[in-house]
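Structures given as structure tokens follow.
Next, two complexes with chain A in common: one pairs it with chain B, the other with chain C.
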Partner chain A sequence: MNDSLPVIQLHTVSKVYDGQWALRDVSLNVRRGEFLTILGPSGCGKTTILRLIAGFETPSAGTVSIDGHDVTALAPEHRNINTVFQSYALFPHMNVFENVAFGLRMKQRPKEEIRREVSEALRMVQLEGFENRMVTKLSGGQQQRVAIARALINRPLVLLLDEPLSALDYRLRKQMQLDLKHLQRKLGITFILVTHDQEEAFSMSDRVVVMNNGQIEQMGTPTSIYEEPQNLYVARFVGEINILEAKVVEQSEGRARVQVQGLDAFMRTKHVFAPGDKVHILLRPEDLRVETLKDLAEDPDLEDTFSRERSLTGTVEETIYKGATYDVAVRLDQGTLVMATEFFNEDDETVYFRAGDRVAVSWVEGWEVVLPYEN
Partner chain B sequence: MIRTVRRIYAFLIYVFLYLPLVVMIVYSFNASKFSMAWKGATLDWYVKLLGNTGLMQAAWHSLLIAALAATCSSLLGALIAMALHRWRFPSRKVIHSSLFVMMMSPDIVIGISLLVLFMALSLPLGFWTLLMAHVTLCVPFVVITVHARMLGFDPHVVEAARDLGAGDYEVFRYIVLPMTFPAVLAGWFMSFTLSIDDVIISFFTTGPTFEVLPLRIYSMVRLGLKPEVNALCALMIGITAVAVFFSQRLLKEKP
Partner chain C sequence: MKTNGFFKQAVIIGSIAWMALFAFIPNILVGLASFCSTSAQNFIEPVWGFHNYGQLMDQAHLDILLSSLRLSGLVTLICLVVAYPFAAILARTRKDKRNTLLLLVIIPFWTNSLVRTYAMTAMLNSSGIVNNLLIFLGIISEPLAMMYTPGAVVLGLVYTLLPFMILPLYAALERLDRRYLEAARDLGASPWKAFWRVVVPLTMPGIVSGCMLVFLPGIGMFYVSDVLGGARAMLLGNFIRDQFLSTRNWPLGAAASVTLTALMGIMLLLYWHSTRRLGQDSAL
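On to the complex of A and B.
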């Protein structure tokens, strides 16, 4: 076994259902032992990818390889891959033991070995002593654990998880996220998770694949997806973001001088633009710093730390309390509304800004993302 | 107050439904042969019933036909339900709705149409024609029962089994069969009761060589009500009640 060989390879895979593209020319390499998450809205094709890997579907075009072998035409029962279904799909007429033992029974392992493996698998998911319970009598969280044990007992090369946490309540979901992550670290098995929840994707995965309309929009670490989105779709899909229209004045090495909302400043970019090109400036709310013009005028120290020359002026429209933070909605003088997330002042629990305050909004150079203009 | 009214209301409904049966069962123990007057309890009619070979043979025929028809229609019905559930073939909808047509059709229409069919094929009326008629009568009920249960399944269960290494045979043997079996069995009991109390279809589709109980009783009653018939009917109610009880319990069981 070659460790550098991708454990799963999708090569230009397409899938058509009833004349509609579910997947279009998708290529994806999954690394051995990684926790990969496929993130996207419903109907973006993420579950189709999972079903192609599991073998429940065959691609309309392209190939699927597991461990370097082409398995495009191989039935699911012959693939060394197991799935945790969104609905868990436990066998309702069997108890917990029989559910978990099913895979090993199909492989006709000796009874004694099955008993040992099942109790170990149940211990792993903290369900010892549940062997004789009927699965229909378990809570959602417990059923989920049975589904995970039933899949992992087969020591699959890859474990596929199809929105496994979506049916659980918030606290249980958080707990299961941690548990799954620990399990994956401990076992070293490759996990591929499908979800529409970006928080879940970011907190669990080594790599995230963002999908839309049957195509991959961006692939990378959670940080790179969040901080350097490659297009507006990804930027909007993961987290809140302010998008400003701007125009390039001149371009130099790695920087572009742009005009945005009356401001003329240099911004970092990997793209190459020609003077006059329209661009988008993307700013995360938590990267924005807001100060009132009054404070800036009265306090010279503040003036020093706050780069007034690359700031935008506007008027506060409203503040939105969020618990640990609060959002300030600022209407820029040029008309665009931007959101900024502020932390509460350590010794002042009240919201600092009032509607109608004249403010300046600024950010550290390099924290912005400049993207080519999209309609 | 309202509770009492409700209870009385419910009681009246039960009286309305079951009083005739109770009266009949009580009279099956009545010592008087002709009058409706109570002349003391006796088991004579049950003993006489055992001695009445014609009646006993008809009862045996009925049980045999009911058991065979229930078994055939359960197997056939389960297979049709599986086909309807698993595949999307062109005539699927037609088959599905024709089942309801069969269930709704008056017995007399089914009976006459089968008679015409058997005559056209010049099949002699008797055991085989009766069996075929009863299977036709029961199959739709089995299909509907089994199909309804299959619709209640998580469709991913079969995929999960394959995912865990089960081939077609194992999926059927360990997943589909055990999960649908209660519904098939319930269908069996339902068919059994349908078959055993059918008069009209049997009337048209069997011949003098193979007499079944309801027809026999019918011809006996025309000459006057005999207390043995009461005794026999009391036994039949017992058998039917057991069958209904089991089929309901099987259907209630969670999938």
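On to the complex of A and C.
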């Protein structure tokens, strides 16, 4: 088996439902053994991709390959792929054992082997001794684990997970995220997960595919998606972000001199702009540093660490307590509202800023993202 | 609220009284009658015993019972085989078209079933539509004798009872989550295996209630047998009717009637058993 060959390949796949594009010209390679997450809002086409890979749908155009073989027209039962469904779809007329054994029974494996494999699979998901329970009597988390065991017992090439955690409460969801990730590392099976929860996507995956309107907006590691969004959609979808309108003054190698909110400074960028181009400056709240003008004037040490020459001045509108952190909403002098996330000081556990404080907002050069202007 | 409470009480008491007067007491009377005897003077003589049930165990009576069960079983089977695919298609049709199809199933109910049964004679008799068509097409040269055969009775019963099979099956199939089917396919089941292992067990309550709604009337609908089957009493219903109205052996008729009720009771138990296994509420 060629390890460098993508385990799943979608080649220019489109899908039309009732005259509406569900997917438009999507190409995607899934690497062997990776944990890939497809992230997007509902109706963006992420579940359609999963259904195409599982074989429940056939594409309107394009091809789907598994392990290098074109499977576009192959029925789901002939694909070495299993799915954990959104509401688990456990067979309600069967007990836990019968549910988990279903795949092996379809393959007509010997009874003894099935019994052994089922107890093995149930041990893997920590449900030993649950064989004779009816699935309808299990809790959500237990049903979830039965669904995972039922799929993994077939040793699929790829496991598809369709929003598997959305029905669980917050704490259980966190735990299952970790469990799933560990399971995937241990088994080395390729996982493709679909979710609308960016935190879930980031905490579990090797790679994230961000989708919108039936198209892929960006593909990459969680870090690259978060730190270097390729467009405003991705930037806004993953986490909080401040977006400032700006104008390019001049461009040099890897840097552009930009006028933003009355500030004239160099910003790092991979894009090439012409002087006069309108751009967006993107700043994550946690990358912003806020100091009061009063402190800056009184404390010369602060002046050294705080790059005053690339700061924007404004007035604090409100502070929002978040537990470990707090957000400061600053109305810049030019009128735009920006949010900055601050940590509590070790020796000062009260919110430092007060509404009405005059402040300067700054950041380290290179932490900003400069994107071409979008309407 | 007080009038409301009174209204509620009145409705409940009214229903109970109605059921007691017209269902419970008559059934008790029939039950008691089945243990009595008959004489030249009275329809019912209070001479108690199991002799009526013994008489039902005669070869002649058993033959009627068994042939009636066989006939009704055949009708049920035909209805199931015809109705299941139809209900499955119905459940998967788009909503707007589905209502039209459902209406087509229900419209025949608007005509009295006795009238519809007589209408069938116009189709089946030797100068009826079916024979004329077959002769016109040159498939046969002599009219087929279709009337007054067991086949005609089966056809009449299937025609009359088919909607009672379709509707519960449709309800069960419509409720069936398609994801179970997808999960089965995903786990390696062919469409055929997925049907037998997942769809049939999950629609079993619909199958059982449909079969009950066809099988039991199929035993008792004596007028279908009268109109289409001729003089030969083929159904237990004919037998019971004859005991009461022509032979005038009420206790024997009552015993046959009780036997039929007991049969219904056993089938109800089976139905409850099938729904309890699924952990669902029984919906009849």
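Here is the rule we go by: the second predicted complex is superposed on the first by the 375 of 375 C-alpha atoms of A that agree within 3 Å, B and C clash if a C-alpha of one lies under 4 Å from a C-alpha of the other, contacts with A are read in each partner's own complex, and residues count from 1 in each chain.
In this section, contacts are C-beta pairs under 8 Å (C-beta built on N, C-alpha and C of every residue); 3 or more make two chains touch, one makes a residue touch a chain.
These figures come from a predicted structure and were not determined experimentally.
Superposition of the two structures on chain A shows chain C clashing with chain B.
Contact with neither chain B nor chain C is seen for A:226 once the two complexes are overlaid on the shared chain.
In the superposition on chain A, A:306 makes contact with neither chain B nor chain C.
In the superposition on chain A, contact of A:89 is made with both chain B and chain C. In the superposition on chain A, A:191 makes contact with neither chain B nor chain C. Once chain A of one complex is fitted onto chain A of the other, the partner contacts of A:202 are absent, as it touches neither chain B nor chain C. Once chain A of one complex is fitted onto chain A of the other, the partner contacts of A:150 extend to both chain B and chain C.
In the superposition on chain A, A:97 makes contact with neither chain B nor chain C. In the superposed model, A:106 makes contact with both chain B and chain C. Residues 54-56, 75-77, 81-83, 85, 87, 89-93, 102-103, 106-107, 136, 150-151, 154 of chain A lie at the contact with chain B in one complex and at the contact with chain C in the other. On the chain B side of its complex with chain A, the touching residues are 153-154, 156-157, 159-167, 170, 174-175, 178-179, 254-255.
Within the complex formed with chain A, the residues of chain C that make contact are 177, 179-180, 182-190, 193, 197-198, 201-202, 204, 277-280. Residues of chain A that touch chain C in their complex: 54-56, 75-77, 81-83, 85, 87, 89-93, 102-103, 106-107, 134, 136-137, 150-151, 154.
Contacts from chain A toward chain B in the complex involve residues 54-56, 75-77, 81-83, 85-87, 89-93, 102-103, 106-107, 136, 150-151, 154.
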